[in-house]
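Following are the structures in question.
Presented sequentially are two complexes of chain A, the first with chain B as partner and the second with chain C.
And now, the complex of A and B:
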């Protein structure tokens, strides 16, 4: 994979560039290639969606972008540029003080595990401020900032909220608190990793709308990671489809749904139950999910692929630009109907 | 899915009448003693009527905490029933004695959400399925059972050799196939499927769903399909019961409900499906309230965009609207038992909500 595979959003400045990223997990039973050379970029004020099933490497890509890969995982190659600065070269201390929280922030799937059950919301918000500024602040000095941050997340009674514990809040409220904490230091980039998977559908929409609104106020770039293709394409400008640690397709969200070129994307669209009478549009993807410990040779999707032909089991195709802004990794891409 | 009711569908296999299930909040004897007559209860299922006909797949949908799983468990006596009746083939199975229960429940099987915890890790797949025969058949013989097990494994898309393996050797989707095989082993008339695909990836979920569609096509199995995923409900079910805080708020044919939701809660659920374009979507504010202190009026009162004064005072009795059952004051009631507090709103309002039909 060369650097010629750079994805350009087409619009101006790139706030985050991930180039040829490789992350491996060195387990006792063998090496797991979780991310196998991922390249993408995030433009200013852009909302990028990363969609994939479990084991696709979508979450590890995001953790790698913040250098938060848990042991026994390690980033074994590639660069992550935030504002043009390679964070792979920085010390852990610099990262904590100057990058995480200030430039790039992350929201995780389960708000209950992201919050400490033994401390109040106010304390945990202040902790985030203290940790990333490297000094202790007084609660009275920052109280109004914290209340503002909570108000920005549409939370009523923000003042009372500061003295509450996580268990006193509902799932949707907890996730809003987590997002508020992530935004405290006004980062330019927010990564939301399955932010609504643990929430009920009726709450999901409200939380996602809050995240999408961050683009305009205060003007951020957002990455939303999800297994739900519909959720991603509905709210993101651009969608990246991952499978087996590789990007298989990347294009504007509209193109992804209306003219998918990767057979995997097309199969993914058809295996989502339709909301119409037309059950013929529903087609299952055969076969098992990719086993990252023993990935198939060649394209990771080829054992399940309807379009597979000679060469698919031999080598991994390059991520090629078949139309401006539309990248596909496939030897036999879908034809445009 | 066809909309027409097949003639064979007419007879109800399962009938639930005014079912109530509640759980005590005070779990240990000391707390119960202290609480005395002030004991608090979670009203998980609070008066549900439901009929499932032969060959029909009824979906139970709703947010978490709506009581849909508890209702499923109540049918096969996994939770204690406070009030109401469950009739299976016209036989009352509500409070069966232990010895009779096994005879009846072999015809009703349940499949659970988590395939990792619902299969015994110490048993081979062959024994997991074979045990069902041992329990349900008086003339059980090892050699004939073996052939049956193989054929059931093939029916759910596994190989006969897989019978020799242990559950941990399978992926999540395959485990769910095993659960399905176990449920089908006794040749049941009725299956309760509780969120059976929600722990699976989309591509694996699609395999299980198409397997279910095949089974539905081939047999006249009746099913209660519990799910929070309305897309899945749309695909699998013939009719849908939308539950909210222990009660059914709307019940009718799946196609009718998805094309023209009548109850504000149903409309809100449909609006929340990612990728669903609805003309005038409704989003609910707030969260599902606690099922401990239930309000006397409509349970959606605090969150409903169409709330009226009468909603606060009187729970809307279920009424027939456009061939469906809807529990909402927006529609005229048939009887007068719930409208003392105010005039029912006529069809003008009903037309307003119907404008929320799904656009394609």
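And now, the complex of A and C:
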């Protein structure tokens, strides 16, 4: 750990590079290492998936990429390059004015809580514009732009929407509004943190398709974060598997599903019940998810790992490229079957 | 909305009726009456006592007295003070605005102190600053209003001698005199009130700190302070408004003590004077006005909710 381990999509231009990112939470009871040296990059027009259980550090990684770690958390090391510029070196004012919302945006898990209940949709959309133009624009001047933005999200009856409050809309509609706001200033990068977890199954697919489509329409790069491996591999070009604040495996989505090399990834895939069989019980990974306040020594997954061998509890293995574009952090990777 | 207001206003009628019964009954249950207070228990002038009792209908049965009083109230005829012998209406019209001024002034002080303090504490929650602000709040919460008032009189009125210790020359003074006279009463009542509001608002703000809409505002590009004011505070005031409404009611009754400490010529003094001399008409009208004001404050607080929180609409 600690060395810069580059993961390239092979497409050349990188819009976002996260290098050796470390984020810690300094709580009264001790230090929690939420992100322990994460390195990945996002190519132009790429859709990258980040998979992990709760507490794997995936959400904190994303917030760190916008330098928005909630207190008492702090980014303690590493770089985040957006368009080649290290945002760790920029001033907070600069980040507000030129980076957040403008170059990189984020969509949250629960659309029911992501919009402020006390302001109209129109106000909250206009705020995103005003924050970057540095002045309060008149609603009449921007109304048509806002309606256009909503129409792009397949929102019906857009004229009315601007004067509505969030509670007057359904969950799916609210998530579309959130995405519309996130895309208002045409950022190059969108981070979608569990964008459909809180939605009805019927709405999930529609919202996901909307997000995936962004790659082609305005031409964006997207990071989708989820605990649902299926959802990720179906829609993302590349998948990063995180556990205990570390990347355990990273490869093209196809390889992740067909030839997983990390025992953790394999265990995750094994958890998905096959539709063809009449399964009575789900397969679960034995043991509890890692406690980041007291992580096990060595590889964070070793207490639950089926391939555990000597040395696993001693030191953290390096993230090694075992074949081109396929990186695994394991002393005893799965053999290619 | 309009229907709701009408229904609420209609509900005021039974509330006030019930209030008037309780007020009237309580006062007449208290031992002693104005005549006894004036002439003493021995009764040196029995004929005179009888004459005055007859004049003020005090010899009639209590229900009869109540209906006479009710009829007077309904026709806005407030009658005369038994002890002072002067009409009550002018007393009320000069004193009630002063008490309202004192109450609102105290609330203004309370809000002016609590909002910035709560925001500072929330922004630096679980740090030394937060603990320090909590400590100050706790000190003021546990402090009786009159103690703070007396302490202030000692410091600003006696040792430093920069503020008047009494406000009894209220009617004749200039505007500046009035303002100067109001500073200490408003501060002593306001600071004690601000402590509770600070604690509540701070808790609300800290709760909202990690709400998705605050974080989403940050990802939109809002600065830390903008998110705190426009998104966090905007939502925190909804719950805090309940407390402010309640505190305003408590302040009304709380300023009675303040009025006495500072010889402030308001309703509180009138009430205390009335109670000690069993001046029935004065007590009845002042208590009723206090109660009515309470009802009105509650009504306004309820209406304020629908303004503050768009999710609440009275249909």
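Here, the second predicted complex is superposed on the first by the 328 of 337 C-alpha atoms of A that agree within 3 Å, B and C clash if a C-alpha of one lies under 4 Å from a C-alpha of the other, contacts with A are read in each partner's own complex, and residues count from 1 in each chain.
The definition used in the following text is that a residue touches a chain if its C-beta (ideal position, glycine included) is under 8 Å from a C-beta of that chain, and two chains touch if they have at least 3 such contacts.
For clarity, every value in this text was computed on a predicted model and none was experimentally measured.
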Superposed on chain A, are chain B and chain C clashing or fitting side by side?
fit
Touching partner for A:289 - first (chain B), second (chain C), both, neither
first
Touching partner for A:336 - first (chain B), second (chain C), both, neither:
neither
State whether A:167 touches chain B only (first), chain C only (second), both chains, or neither.
second
Between chain B (first) and chain C (second), which, if any, makes contact with A:231: first, second, both or neither?
first
Could you tell me if A:273 is touching chain B, chain C, both of them or neither one (first, second, both, neither)?
first
Answer with first, second, both or neither: which of chain B and chain C does A:72 touch in the superposed model?
second
Would you sort A:89 into first (chain B), second (chain C), both or neither based on which partner it touches?
neither
Can you work out, in whole Å, how close the C-alpha atoms of chain B and chain C get once everything is superposed?
10
Would you tell me the residues on chain A in contact with chain B in one complex that are also in contact with chain C in the other?
none
Give every residue of chain A touching chain C within the complex, in rising order.
28, 63, 66, 68, 70-72, 92-93, 96-97, 99-102, 105-106, 108-110, 113-120, 127-128, 131-132, 165, 167, 178, 181-182
Hey, which residues of chain A end up touching chain B in the complex?
53-54, 170-173, 200-206, 227-231, 233-234, 267-268, 271-277, 279, 282-286, 288-289, 304
Give the list of chain B residues in touch with chain A in this complex.
1, 63-64, 171, 173-174, 201-207, 209-210, 213, 228-232, 234-236, 255, 258, 268-269, 271-276, 283-284, 287-288, 358, 360
Complex contacts: residues of chain C adjacent to chain A:
125-126, 209-213, 215-224, 226, 230-231, 234-235, 238, 308-311
